[in-house]
Amino acid sequence: MLLEAVRRGDVEPRTALERFSALPFRDLGFARVDVHREVRQEAPEAVLGEGKSPEQVTAIVRALLEGGAGSVLVTRADAATRGAVRSAETEAHEDERARCVWVARSLPEARGTVAMVSAGTSDGAVLHEARIRAELLGTSVTVQEDIGVAGLHRLAAALPELAAADCVVVAAGMDGALASVVGGLVAAPVIGVPTSGGYGASRGGETPLFAMLASCAAGLAVVGIDDGFGAGTIAARIARSAAA
Amino acid sequence: MLLEAVRRGDVEPRTALERFSALPFRDLGFARVDVHREVRQEAPEAVLGEGKSPEQVTAIVRALLEGGAGSVLVTRADAATRGAVRSAETEAHEDERARCVWVARSLPEARGTVAMVSAGTSDGAVLHEARIRAELLGTSVTVQEDIGVAGLHRLAAALPELAAADCVVVAAGMDGALASVVGGLVAAPVIGVPTSGGYGASRGGETPLFAMLASCAAGLAVVGIDDGFGAGTIAARIARSAAA
Amino acid sequence: MLLEAVRRGDVEPRTALERFSALPFRDLGFARVDVHREVRQEAPEAVLGEGKSPEQVTAIVRALLEGGAGSVLVTRADAATRGAVRSAETEAHEDERARCVWVARSLPEARGTVAMVSAGTSDGAVLHEARIRAELLGTSVTVQEDIGVAGLHRLAAALPELAAADCVVVAAGMDGALASVVGGLVAAPVIGVPTSGGYGASRGGETPLFAMLASCAAGLAVVGIDDGFGAGTIAARIARSAAA
Amino acid sequence: MLLEAVRRGDVEPRTALERFSALPFRDLGFARVDVHREVRQEAPEAVLGEGKSPEQVTAIVRALLEGGAGSVLVTRADAATRGAVRSAETEAHEDERARCVWVARSLPEARGTVAMVSAGTSDGAVLHEARIRAELLGTSVTVQEDIGVAGLHRLAAALPELAAADCVVVAAGMDGALASVVGGLVAAPVIGVPTSGGYGASRGGETPLFAMLASCAAGLAVVGIDDGFGAGTIAARIARSAAA
Amino acid sequence: MLLEAVRRGDVEPRTALERFSALPFRDLGFARVDVHREVRQEAPEAVLGEGKSPEQVTAIVRALLEGGAGSVLVTRADAATRGAVRSAETEAHEDERARCVWVARSLPEARGTVAMVSAGTSDGAVLHEARIRAELLGTSVTVQEDIGVAGLHRLAAALPELAAADCVVVAAGMDGALASVVGGLVAAPVIGVPTSGGYGASRGGETPLFAMLASCAAGLAVVGIDDGFGAGTIAARIARSAAA
Amino acid sequence: MLLEAVRRGDVEPRTALERFSALPFRDLGFARVDVHREVRQEAPEAVLGEGKSPEQVTAIVRALLEGGAGSVLVTRADAATRGAVRSAETEAHEDERARCVWVARSLPEARGTVAMVSAGTSDGAVLHEARIRAELLGTSVTVQEDIGVAGLHRLAAALPELAAADCVVVAAGMDGALASVVGGLVAAPVIGVPTSGGYGASRGGETPLFAMLASCAAGLAVVGIDDGFGAGTIAARIARSAAA
Amino acid sequence: MLLEAVRRGDVEPRTALERFSALPFRDLGFARVDVHREVRQEAPEAVLGEGKSPEQVTAIVRALLEGGAGSVLVTRADAATRGAVRSAETEAHEDERARCVWVARSLPEARGTVAMVSAGTSDGAVLHEARIRAELLGTSVTVQEDIGVAGLHRLAAALPELAAADCVVVAAGMDGALASVVGGLVAAPVIGVPTSGGYGASRGGETPLFAMLASCAAGLAVVGIDDGFGAGTIAARIARSAAA
Amino acid sequence: MLLEAVRRGDVEPRTALERFSALPFRDLGFARVDVHREVRQEAPEAVLGEGKSPEQVTAIVRALLEGGAGSVLVTRADAATRGAVRSAETEAHEDERARCVWVARSLPEARGTVAMVSAGTSDGAVLHEARIRAELLGTSVTVQEDIGVAGLHRLAAALPELAAADCVVVAAGMDGALASVVGGLVAAPVIGVPTSGGYGASRGGETPLFAMLASCAAGLAVVGIDDGFGAGTIAARIARSAAA
């Protein structure tokens, strides 16, 4: 909003930074909830469940909803936290595999399409976290799992969706090679998400992380290990603007 | 092209992979030039100058141009290679700081805008490699250098361009903090490029790489260290589709 | 004391080292308690709870108090250890979040001010360990939590405290960028404490550690990962001498 | 200045950030010179010579002086850059061992004392960079080199200076043990600077870096490897405020 | 020979180890040349040129030939060493790209076939070192270069050779993904050779090394970074025994 | 099969890739079971038990058997998973130490011999996983455990088997030296499997991994840490083709 | 014994290796017990408890005793294993803190003295493992704990023992600085044992490991992290031969 | 001397530390020469040539000789430094391969024997640095080079020397396996020196360093990478006291 005003020339750049510092937040003592983020970046602040008590998470969710958030997503939430949020907010939904719980009050109209694929079954938690985030941000998502490089012919069934997507997300652990293969096929931007599963020499996800970063397939950028949330965010931004 | 036909339903997925294997390339003995990449991914194959002799580079450039490439870009080219290409192809241009040389015969009409910013003067080589690549792919690029976090007020002058861009590229070494700051301000997708300069604890670029990946600013994805080429490629894809 | 005598010329340097070797300690068999540290360095020896049994910790606390310590702080103490100390020393206090238990018999008069800020809620344990240590050493501490870079406007409310402080402590995980931003604003010395929480690419705190060390914001020095104790110690020293 | 006004209550915090964004800088194209830093942080922007041409460095030095800097320091400057600056600015001084060149027009009155010690002869370059920086910021510095732990009795001669200092800087490579020893003796804040020289298992300075960070001697904080500049900056801040 | 005698029961195991310690070698002072290795392992000792003077290499080559070696291969030999060997042994051959020089007096009859492929032009040096070694050990080698994953259709031309081979060698840097793709296609044993070229996040070859080790394509084993010699040795052993 | 047709000239290479994309798989939603792998690579797809629920594993096993697999092997299966598979498939066998469960309906006739040795008792789990895999692929395996370098004479008893084998597998942790010693003795291809047990400086298996890769014993290739499955696969391929 | 015969000229070197391969061991299936080690190296084989079941450990202990071992030491043994050994061998002793259990039937007469010191209480487990091992090998050991560098005067009380020792063992975690300080004082050989306790930047013991290796105090050598067993072994060898 | 007085009871421990601080040194400005070390530790201070100018080295050598040193050794000295020392001190000797120059005025009578062996020719520089150091400290040294594990029978010729030695030094790069093999054979203390040569996965010497530290051959301790000086020092101490 503010930056758009800058772009239109309605607001001078220096004034924009000034106004930026006057943006609102809610102070819960242990947390300062950025209730303005949805206005500023078209994406509401999300809540990392890990390292917070169910009570803390519930309080932050409440503050965000009271602050007018269209939706609130809690990631990396264990069963206790998911239960607490669902008890506190009756309209909340959860996805056990993705360890997510969320309230969706008013989502943006869906725009654009993201194709999400994974190399193996164990990448599913990360992939579905990305899917939920992207859907809450207002984009359509297709998912195809377990199409890794060791049996590449399984990729064929995914081709129509890859071809139609405004953005592609590839979740892969171990050698991360699926990102390179997909990156060499499609023309849309590709977001790689290295995952931490696996053994042998996968080094907790650093092997697929570095392999994706070193991929010769230009058109590929990468988010942190297991960061489905980050992948879903940027993929939704790309897809929504492509379909604007 | 092929994948679009799949999307339209003109070609069955399995057949697409079949046809894929029949795509043309040129065999130079030491290299197999993928003359089809521009058709497939809207971006011609580029040439990594590093580790090749000027003669090898010149031969690959020639093969790509004869294969119909609209443009050819050679990256990480030293003075000898840049000179050899310019001697062989009279229409070639070079950028010494970015260590690039290129021939631009027929560029796509420019679509969309990418704002590129750097944290320090020494990130310039990487930033301009990104700029040249993105321009050759057909997008408009604005550049603002040396607006690092140690004097954040310098960021103000960049705000109008950041606000107007379809995609933002941030090149930064050392702590890479500029990517987090920009990522917390803008709504467009942000591509971070960690750079290898610096000392103290920058570890050849791994410190900004990991810092960008760990950034709490969702909406940020990262390419490899010093990989201006990769950043330019994905940024142009994002910007072009946003403005389609 | 001894070194001050050296400074005044009352004691020759060589003699100082000699006397140094005659300083007292208490031998508990499994530990040698340095009951002289408070005299020498104006800070009593503290007890690392981790890796010691509640009985060992209680015995060391007792020895220090009997040795005349003005205060005794036990860090990284689990519930059993905190309980044991509180049973043994009825005047003891504890902070569950900071995992600390302490006895404060005779604190130095408070001098100087330290402003402590954190990037996120999960940095709280470390931040409050730093606060408790600094307060026991005799300085005033202000605390503001969760003002990370992803929503920088939350920093505004902290500005008066940052401006008034003799020393600033910044606890941050993930990309550690808050230390760079604060380091670029204030004129007081800044102590960064990287924290180990987070995921993606935070590498158990090594990412914010290296990012803080590589920060372009001069005037910033760093302690070990999660080392709130160390940060509180040096911050109190700086603040007390500034206000002397 | 600005933050002091905040502290006094003359300026509201939010307004301070607004004004912050209106701070001046000079745009040289390849660099944006922060001519305001000396006002804001009592320390003028310095110039990292590494990775810049002599012409670029000379232009930045000129811009800073024209912007009113009391002094300008160029670090990590090779002979060519040092020569170019001395040709352009006749009042410039250089220190070959420390690879520094500087212009000192108007220094703050010296306040406070920093004692700087090194473990070995090869730490000298880093130690003297720290010294020059601290002196330019307006503090007195004493230097004692080569008093490493393998012959600890050499430390005796340094005791009077260590005892008298408001801040101590320890530069050490290899095992970095001198920082722990000094940190266990003095009551003043200690800043450790790990250095990159050495072999065997010093890992380019990471061994002394980690050893200093892991030191049990509380009251010790650390800057980046070979970062004499950073050590000099924070040491001067500490010493000046202690002696205010 | 000796072990075959053990297998046949002609020699007792314990006696074999005894005899083993009586095997001959030539002592040149700076080197002990194992002139028996060809008998024992069907592969003569080779000479690592790196870190030896041309005179040392020439002396070792001579000793091996006098010891009856059927062939002698010097790897990682610079121009001076290659020249010295060719001057000393007129029947020597060299390959500049592979940095090898060798004398082939009496090769075993060729048995079996190894297909060697590389991902990029810059993997050529390593691939040809592997080829030369395997040919000297007595096997047929086919080579196809630059068929990396970014343009997978280039792999098609290599399929007949991959299908016919008794063993496949894949040399690849960057993400090393070609090894996974080939490993998922063929039924023969695959040997991966990670290469050190590249940039971004290839970490001097550790990224393809770990990626190959973590590959889901079972049937793949890996040698050290740039170790064409090792790959050629084991590939020849596999191929020769398959065709016995 | 397909590739053999290519080799015979019955199928053109490009057509082979086409047909490849038409290969069958079974889609279970969370997994796509590659029921064709046994045909293509003479080794049925195996199931990684880790990270899957007993129900998921059982479903995949069922799908593979229904797809005609001659055998199905589940690795890294905990007791619950092994029990579930044995309940579902009454002909299933398990090996607790190797954490494997498998169904063997129709194995290929055994061909060739693999000698497997380990350095210590704790390498047994990995070694037996390798053994089971290799036996299911149709080869004979001999096993000798705990013959590490600290008491090399224990190697003597293994010599007849090492001498007779078509391929040798060495599992070792700590310093991994047994692989170098065996690699310097035998003429058959050697596959090293680094194991993760141990302490001191074994770094979770990275020390034996790197030591095996750096071994001067040419003829040795390595699989991932604890990857008995991978070692068994390639060893069986080598042994079977050697004995064809 | 054997090597002494070689030294005396009674046995030819080649014959020695032959005989070496005829040395006895006991094969328990899962383990090959080297019952000859005590003869060969004057130190009986010890048993690493970690990773073995109580039954396996008990069987190996029995085999060693039946093989004539003068003593048997089990290290890293949990309570169950210690209990099992004590039940099976009534003359067994245990040390809970050091996690050791042992049977001492016939020890060599004690010769020489080892002084063992630790930097902190938490190094005790490792230090006492070293002590027990050294005592079983037949040497006298003195122990002084918790004399770390942060309060160096505690070292004074240890000086007489350090001065009298034939070998010194220093166990230290964190920065490992005590090894450097002691190494600079004494003339006897010093063995450093890095320990894995601690936090901040001790990296599981790698920080003290590298610091000890990089120490400028020549006369210091290092064993693996937490390897009290190894330290005790070499220290006893040194001390015994010094006092021979 | 001092410590011996402590041992005899002539000097109280506390007094010893006092006297220690009164020990003499020579202050050259850039260096403080510890002229007392030979008295204290029976080994004169040595000079690390690396990172010092020829003039600095020559001045330190002079100061040590004037301080009464029986010998002075300069390690890691390039040709210029070696030449400068030989010009300044006519009695100086040099060893080009070991990069050492030294003056030997009055050596202790030789006592004890050290056997030094290397795995390969390229370990020679390090091995001979160790030899020169040990000889200057007054012990006899035997040297056998290039007896690596790939051809273990070459070890036989070294057996008599290994059997006769009071201490064994093993220099090895790559996999460092020779240290484990020797450590499993001999009864004397073994000092491992990892070397930095090699490629593939030797990681600049970290692979043999970790492999030696993880070796199961107890009785082995390790010095830093390429630290022949350190190995020679401790080996001489061990050997001299064994033969006292």
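In this document, chain identifiers A, B, C, D, E, F, G and H correspond to the written order of the chains, with residue numbering beginning at 1 in each.
Going forward, a contact is a pair of C-beta atoms (placed from the backbone, for glycine too) under 8 Å apart; a residue touches a chain by one contact, two chains touch by 3 or more.
Please read all numbers here as calculations on a predicted model, not as lab measurements.
The minimum number of touch steps linking subunit F to subunit H comes to 1. The chain with its C-alpha centre at the largest distance from the centre of subunit F is D.
Ranking every chain by how far its Cα centroid lies from the centroid of subunit A, the top place goes to H.
For the pair subunit E and subunit H, the distance between mean C-alpha positions equals 37 Å. Annotation: 52 Å between the Cα-based centres of subunit B and subunit H.
Separation between the centroids of subunit E and subunit F, computed from CA atoms only, is 24 Å. In subunit G, the residues touching two or more other chains are 13-14, 16-17, 20-22, 150-153, 155-157, 184-185, 200-201, 209, 213-214, 218, 223-225, 227, 230. Taken together, the subunit H residues at the contact with subunit G in this complex read 3-4, 6-7, 13-14, 16-17, 20, 40-43, 46, 153, 155-160, 162-164, 166, 184-191, 209, 213-214, 218-225, 227, 229-231, 233-234, 237-238, 241-242, 244. The touching residues of subunit E, counted against subunit B in their complex, run 121-122, 124, 145-147, 150-157, 197, 199-201. Those residues of subunit E that touch subunit H in the complex are listed here as 20-23, 25, 27, 29-32, 34, 36-37, 45, 48, 50-52, 56, 76, 209, 223-227, 230.
Residues of subunit F touching subunit H in their complex: 119-120, 148-152, 174-177, 180-181, 183-185, 198, 200-203, 206-218.
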